[in-house]
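Quick one: this structure, given as C-alpha cells, is what I'll be asking you about.
Each chain gets a letter, A, B, C, D, E, F, G and H, in the order it is written, and its residues are counted from 1.
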Amino acid sequence: MTDAPDLSAFATLDVDRASRRGYPEAVYCQGKTAAQVAMIAANVRERPETITLFTRADPEHAEAVRKELPDAFHDGDARLLAWPPTPPRAKGGLVVVVAAGTSDLPVAREAMLTARYLGRATELVVDVGVAGLHRILARLDLLRRARVVIVAAGMDGALPSVVAGLIPAPVVALPTSVGYGTGMHGIAALLAMLNACSPGIGVVNIDNGYGAGHLAAQIAAPS
Amino acid sequence: MTDAPDLSAFATLDVDRASRRGYPEAVYCQGKTAAQVAMIAANVRERPETITLFTRADPEHAEAVRKELPDAFHDGDARLLAWPPTPPRAKGGLVVVVAAGTSDLPVAREAMLTARYLGRATELVVDVGVAGLHRILARLDLLRRARVVIVAAGMDGALPSVVAGLIPAPVVALPTSVGYGTGMHGIAALLAMLNACSPGIGVVNIDNGYGAGHLAAQIAAPS
Amino acid sequence: MTDAPDLSAFATLDVDRASRRGYPEAVYCQGKTAAQVAMIAANVRERPETITLFTRADPEHAEAVRKELPDAFHDGDARLLAWPPTPPRAKGGLVVVVAAGTSDLPVAREAMLTARYLGRATELVVDVGVAGLHRILARLDLLRRARVVIVAAGMDGALPSVVAGLIPAPVVALPTSVGYGTGMHGIAALLAMLNACSPGIGVVNIDNGYGAGHLAAQIAAPS
Amino acid sequence: MTDAPDLSAFATLDVDRASRRGYPEAVYCQGKTAAQVAMIAANVRERPETITLFTRADPEHAEAVRKELPDAFHDGDARLLAWPPTPPRAKGGLVVVVAAGTSDLPVAREAMLTARYLGRATELVVDVGVAGLHRILARLDLLRRARVVIVAAGMDGALPSVVAGLIPAPVVALPTSVGYGTGMHGIAALLAMLNACSPGIGVVNIDNGYGAGHLAAQIAAPS
Amino acid sequence: MTDAPDLSAFATLDVDRASRRGYPEAVYCQGKTAAQVAMIAANVRERPETITLFTRADPEHAEAVRKELPDAFHDGDARLLAWPPTPPRAKGGLVVVVAAGTSDLPVAREAMLTARYLGRATELVVDVGVAGLHRILARLDLLRRARVVIVAAGMDGALPSVVAGLIPAPVVALPTSVGYGTGMHGIAALLAMLNACSPGIGVVNIDNGYGAGHLAAQIAAPS
Amino acid sequence: MTDAPDLSAFATLDVDRASRRGYPEAVYCQGKTAAQVAMIAANVRERPETITLFTRADPEHAEAVRKELPDAFHDGDARLLAWPPTPPRAKGGLVVVVAAGTSDLPVAREAMLTARYLGRATELVVDVGVAGLHRILARLDLLRRARVVIVAAGMDGALPSVVAGLIPAPVVALPTSVGYGTGMHGIAALLAMLNACSPGIGVVNIDNGYGAGHLAAQIAAPS
Amino acid sequence: MTDAPDLSAFATLDVDRASRRGYPEAVYCQGKTAAQVAMIAANVRERPETITLFTRADPEHAEAVRKELPDAFHDGDARLLAWPPTPPRAKGGLVVVVAAGTSDLPVAREAMLTARYLGRATELVVDVGVAGLHRILARLDLLRRARVVIVAAGMDGALPSVVAGLIPAPVVALPTSVGYGTGMHGIAALLAMLNACSPGIGVVNIDNGYGAGHLAAQIAAPS
Amino acid sequence: MTDAPDLSAFATLDVDRASRRGYPEAVYCQGKTAAQVAMIAANVRERPETITLFTRADPEHAEAVRKELPDAFHDGDARLLAWPPTPPRAKGGLVVVVAAGTSDLPVAREAMLTARYLGRATELVVDVGVAGLHRILARLDLLRRARVVIVAAGMDGALPSVVAGLIPAPVVALPTSVGYGTGMHGIAALLAMLNACSPGIGVVNIDNGYGAGHLAAQIAAPS
C-alpha cells in the first residue's frame, strides 16, 4: 500500500458526486493503466464513508485495486470491484435481472451487482430466451413483483419486447455483444430493443451492465 | 389491346422458366415504364397455359396490364396482378401467413397471393405481435398444421423467432419496412430475424412478399 | 359515425392490455389507412372506461378519428389524439420534459402528453441546449424536483449527458431527427446518448415521443 | 466423468424441445466456459434417447465434452460434436450442400452434418464458384435430385442466385465470412443473397452452418 | 440564343482538357441551375471542333441546352445530350454494354452513348440476368469479340462476375440503384462487384453510366 | 409588422451570446415554422446593435423575416438573411473560400457571407476541382495570402488535401452533399477530408456553410 | 515432395481457365490450410506449361508451396508466389504502378508482380501522395507513357483522381487499408475513388493488389 | 548508426515542405517497417536545421529511431519522437489542450507535444468531462486565455460543444476511440462533434492527435 498520491496529472475526481447525485462514484478502468487505477484506489481508501465501484477491471486492474484495498469485493466475470465490500442495506423496490442466455450472464451480473451496491434488492433469472417461451412464462410471478426489470440479451434482442408486454414495470434493455456475423457485436440486439413493439423500454449501451444497474437503481429508488 | 409486340429491345423473356423451374414467370414492374409493361402483357396474352404474375405494380402499371388483359386479377394493396385470374387447384402442404401488425398486411398479402397462384392452400393471421403474446398463442393450432409459416414483421422483427420456437415447420421470415428511426426501413427487423435464437428460419429481402410466397410454395410443394 | 365494425380482417385489438399492464392501449396510425383507423375508433367508442391514444396521426387520420369520436383531444404538432379527452387525475411523481431546441418541440410534446394521459403531472422546459449552458443551469430547481426527466435533443445529443450529471433522478433520453448531414436523421444524437459519460440514462427510438412518455409514466408511477 | 450436476445457476435446459418442435437440442458453446459446457454434457449423458449437438465448439470446449461423453462424434473443422455419435437413419428428401470455394468448406460441413444428425440424407459439392460456370453446370443432375439445396458462399455471394435459377427446389443461402476488404466479413455476400434476382432463396446468418442445416432438414422432412 | 456569356462567376471551364487527356469535356448538369447550364451551352457553341456531353440532364436542363444548341442530340432516358450531334467515326476496339434487366437500361444506354461519342463502336445486350443463365450464354460469341464489356446490374450484382469468368477482355462493372430494401440503392450490387470471385473487373460509382462509358472508351482506345 | 412577442413558449434566446462569445446570434430556421421565425424576427428588431443571421431559411421563412425586417439582406441560394443588412467593417485576416465545383457554390456562399457578417474580408474562388489541377495552381497567390481557407467540395472531397499541402494557413474543410450513389449525400467527401494526408485541416458537418464561415472568422480574428 | 494428390475433396481446379480466359490460374491461399495449399502445389507441378500464382500466402503457406515447388518465386511483402519462377516475356503496353505512400507498397508490389507474371512490362513509382503535389508532377512523363496506371492509396484516396486528370490512359484505383479511425480500413479511400471527379477510373476491392494487376494486364494486352 | 542511406526505393521525402508550408516534416511510422523508419532517421540526421517528428511510433519504431538519433525526445504514451529534441521557442498564441477523461490522455498529449514542437506555448487540462460540469467551469479562466482550444473526448463526444459555447476562440475537436459498443471506436464521438450545436468547431480524424496539434499550431500562429 502506498500513501494516497496526487493524481491531478491524470484525473479530476468527482468526490462531490455522491452528494450531488445521491449515488457513489465509479472508476471506469478500461483505458487506464494499472498504475493509474492503483493511485485512484489509494485515494479511495481515504473515503470509506461512500462506496466506490471499479468497473471493466481486467485481472491486472483488479490486482492493482486489491493491493491498495485488500478486502475489496471482486467478481471476475463481471469485471467489478467494490469497496468497502459490504453493500448497503437494501431499500426501495425490487430489481429483477433477466439474462436471455448463459453467455449474457457476465454482463447481467455486472448489472445486478451495481444495483445491489447502489442499495437495491436484486434477483437473477437465467437462460430464458424466446426460443422456448415457457421458460420466461414460468417466471411471471417474480417479474410482476419487480419495480423494474433489466433484460440482458444478445443475438435477436427479442426478450425485452416480450417481457415488457407481460408486466406493468418499466424495462431496462441491456444489449450484449453475444452472437456473430450480422449480430455485429450487439448492434442487431440494440436495434431490436430500440424498435420494440412494446412501450416501456429504455435502452443502454451494448454490454453496459454498470449503466443498466445504475439506471435500475434510480428507477427503484424509494420515493 | 395491341398485337403482341417485339420486345427484344428491352426484355428477354424467360418463357422456358416454367418447364425449367416448375414455377410460372413473374414480371417485376418497378423500374419499367407503363409502356414496357403493356408490351409484356400483350405477349403474355399469347401464353394462357401458364400463369403470369405482375409484381410491384403501381396503379399506372396495373392499368397498363388490365388494358391488355382485362380479366386479370388485381390486388391493389399487394400491388399484384395475375393472369389468367384463377389460381391453380391447391396441392402440397398448407402455407400459413402471419402479419405481426396491421401495417404489415400489404406485404403479407403479396406473399399469400403468390403462394396461392403457385398452387398452395393458404391461411392468413393478422395483428399478433409479441407485445401481446396471448394473441399468437391463441393461433397455435393453425400454426402447427402448416407445412411452412411465413411471418411478416417490421419494427423489432421478434415474431419469427417466437413462432419458430413453437412449431416443427420451417419459417420464412419476411421483414417489412414498417417502423421509423432506427428501424431503418426494415434493417432492424431483418437483423433480428437473421440473428433469431430459434433455428429453422430463412430470411428474404425487406418487403419481398413475392419472394417469401415463392419460397414457401417451393417448401410446401408435393413431394 | 358508423356502428362499431368487425375489424378482425386487419386488427386483433389488445383490449385486455390495460388490466395486464396497467396502462391504456395506443393505436399506432402510421401505415394504417384512414379507413382502418376509423374502424378502430368506432370500436374504441364502445369502451369509454379506458383512455385510448392515437399516435403518429397525420391530418387524414385525425379527421377519421374525430368523425367517430368528435370530442377527442387532438394536438396536431404532436400528431396525438386521446379519447376520452380528459386526462386522468395526476398521481405518482413529476415528469419534467426538456426540449433542447425549438425544433425538438413536437416530439417533446408527444412525450409530455403521453405521460399526462397515463396519469402523471408534467412540466415542459424549452430551448436549453448545451451551446448556452446558463439556460439549463437556470432550471436546475425544477429538474431536481422531478421523479424522472425526459430530454429530447437532436444534433449532437449532448443534453441528456449534461442533465443526468446534475440530478439524482433517472433520465429518459429521446433522440430527435433534428439536424442534417452527419446527423443522419437522429443517429448521431442517439449514439451520443447511448455513450453518455453520465450513468442513469435510458434511451428510446428516434422521435419516439410516445415511448419516452410511456416509460417515464411507468418510472414515476406511485409505488 | 462427473455426476450430472445442477446447472440451474447458468442454464435452463429446453429438454422438452424435441417433443415440442420434433428436433433435438443444440448447445451453442461460444461464450460459454469449458466448465459450463462440461456440466451440460454431463446432464446430456442422462438423456441418450435424443441426439444432442454441440455447436461452435473450440478445442477446449470439445475436450470438455469428450471428457463427459468419450464416444461423441467430433468434426474439428466444423466445430461440431454430436452424442450419441450415430446419426439417425435418413428419411425425407435429399439435402445437397454446395460450397462455392475451399474456404467455405468448414461452414458447409457444419450445415451438412447438422442435416445428417437431424435425419436427412446429404451430399456435398465443393469449389464450384461462378468464376467457372462449367463446374456447377456439371453437377446439375445431382442438384435437380435435391429436395433442398444449401449454398455456402463468401465474397460476391453470387452462387445461390445462379443455382436457384437452375432447379425447382428451394435454396438455403448460407453466407460465409470468406473474403476481405469490402467483403466486410460476409456482409457483401449476405446482401447479394438477399437481393438475388432468382426467387426461391431463404437466407441465414453469416457462417451459420447449424441454422442452414436445421432449416434444410425441416424443409426436406417427410410429409 | 444568347451571346456566349461570361461564366467566370460560377464555372472555370477546362477547355484544355481534350488536348491534355485526349477526350472531350462533359458538363455534369445535376446541381446546376438551368440558367447556368444555358450559359455553358452558349459558350460551347463557340467550340464546335470538340464534342461536348451534357450528363444527368433533367428535362429542364435539356430544354436549356437545346435552346442554345437546337440540333444537339438528346436521349431522355439516358439524360444525355451531345453537341455537335454526330458521333466521331469509330476506331479502336468494340465496346459491348450488357444490361442485366430492363430497369438497368437507362444507365446502360448512358454508358453506351458515352463510349460512342468518345469514338468507339458499341453493341447493347439487354435482360440477361443470372436467374436464367442460358440468356447470357447465348450471347457468348458477341461478348468474346469485345475489347471491353460494360455490365450494368442492380439487385445482387452477380452478372459481372459471371461474364468476367467467360471472356478474356476486362469488364467494367456498373452497379445500378435498381432494387429495394437491402439493395440499399445499389450498395448491395456494388459490394458484390467489388468482391467478385472472377478477376478482371473494375467498378465505377452507382448509376455512373458516363464514367463507365468513358473508362471503356479509354480501355478500347487504339494503341 | 407586429409587436415584439413573447416567445418563451418555444424559444429561450441567447441574447447574451455576443458578449460571452464575441460573435452575433444565429437563428437556425430549419425545423421552425414560419410563424415562429417571424416572432423571433420581431424580437430581433428590438436589438439593432448586434447583427443577427437567419440560416437555412427556405422561401417561406425568408418571407416571414422580411415582413418583420423589410431591409434585411437575403441571399436565396445561400438560404441566409442578415439584419441589420450592412456587414461590419472588416478586420483581422483574409478568409478565402474555394468551391470545387459549380454545384458547391450555394454552400460556399453561405460560408463566405457568414465570415463577412462576422467581420472578415473574404474572397471566393470557384470550379477548381482536382480533375484539372492547373485551375487551383493558377490561384496559388491568392491562397497564400489567406489567414484561413475554406474549401467546399462534394464527390471525392479531394481538394482540401491538395490545398492544405500548398499553403501555410489552416484549412476549414466543408463537405457538400453534391454527388450521387456511393457519395452518400456527402459522407464520402467527409471521410476523405477527415483522412486527408495533409495536416492542417479541420472539418465541419456536411453542407454546414454557416459553421465553416463562423470557424474561419474565429481563426482569422484579430489577435 | 509428395505425389500429385487427389484434391477433389476440397477443390475443383479450373485447369481449363488459361485457354478459356487467356490468363493463368491463381490460388487464393487465405482461408486454406497449409496442407490444402501443399496438395494444390503438388498438382501444379504437373502443369509447368502455364504459370500459377499463389496469392495472400502467409509464411506457413509459402513454406508449404516451396516444399513442393522449391524454385518458386516468392515476395514475402506482397505475399505472392509464382511458379515457374520466370515471368513470360513482356508484350502489350506498359503498366505503371503508383504507391501513394510507403505503407501502400506491399499491395502495390502485389499488383505490379501480378501484371508482370501475366506478361506486361511494369514500372513502380513510390511515395507521391497529394500532400506534396510536386512529387507526382515530377513523374508525369512516365505516367503519360503508360497504357494503364494502377494507383494504390489509403487514407483520403485522393491520388487516383489527381492522376486520372493528368493523363489519357485509364486508371485502376486500388484502395488500401492504410490509415486509422474514420479511414475504416480502406472504406474512406474506396469511396473517394468511386466518387472521383475525374472520369476514367475503375476501382477494385480494398488491398486487392492481385485483382488490380490482373485488370491492368488485360487492359494493356496486345490488341 | 549507419550512413544516410538511399531510400528512394520506398520513400520520396518532402524535404522542401518546411519552406513551402512553414512547418516541419512528420514521419508517420504506422505501416512502415522498423528498418524503413531507421533509414529515414539516418537521413533526418543530415538535416538538423529543421525539427522532424516521428508519429504513431510503436516501441520497435522508437528503438529504431533512437539508434540513429540517440538524443531524440520520446513520449511513449503519445507514441511521438522529435529530433532535435528541444522544441523551438514559443511564439504566437496559447494552445490549451483539454482531455475529457484519463483514457483520452495519450492522444491529448500527442496533440500538445505536436503544437509545442511547432512552436506554440501549451497548457493541458485533464478529466473534465460533462458528467461533472463544475470541473470544466472551474477552468474557464484558462480556456478564455487560449488562442485555440483542442478538446479530446471519446464516448459521447459532448465536451467540445460545451467548451465552444463558453469561449470566443475556435475549438479543434479531437475524437478518441475511448468507449465500447455503440461508441464504435470513436465514431459516436466524431458524429457528436460534427453535429455540435455550438458553432466554431473544426473536427479531425479519430485519435489524430498529431493533426489536431498541427492545426492548432497553424491557428495560433503569429499573424
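Throughout what follows, a residue touches a chain if its C-beta (ideal position, glycine included) is under 8 Å from a C-beta of that chain, and two chains touch if they have at least 3 such contacts.
Quick caveat, the model's predicted, so the values are computed rather than measured.
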Both-way neighbours, i.e. chains that touch subunit G and touch subunit B: D, E
Higher-contact pair (C-beta pairs counted), C-F versus E-G: E-G
Distance between the centres, which are taken as Cα means, of subunit F and subunit A, whole angstrom: 45
Whole-Å separation of chain centres (CA-atom averages), subunit C against subunit G: 57
Two or more partner chains touched - positions in subunit B: 20, 101, 131-132, 165-166, 181-183, 187, 190, 194-195, 205
Chain-to-chain touches, reported pairwise for every pair that qualifies: A-B, A-C, A-D, A-H, B-C, B-D, B-E, C-F, C-H, D-E, D-G, E-F, E-G, F-G, F-H, G-H
Subunit H to subunit C touching residues, read off their complex: 100-101, 129-133, 155-158, 161-162, 164-166, 179, 181-184, 187-189, 191-198
Residue ranges of subunit H touching subunit F (in the complex, touch as defined): 20-23, 26, 93, 147-148, 165-170, 172, 190, 194-195, 199-205, 210-211, 214-215, 218-219, 221-223
Complex contact set, residues of subunit G against subunit H: 101-103, 105, 126-128, 131-132, 134-135, 178, 180-183
Parts of subunit G lying in touch with subunit D, wherever the complex brings them together: 8-12, 14, 16-17, 20, 28, 30-32, 36, 56, 175, 177, 185-187, 190, 205-208
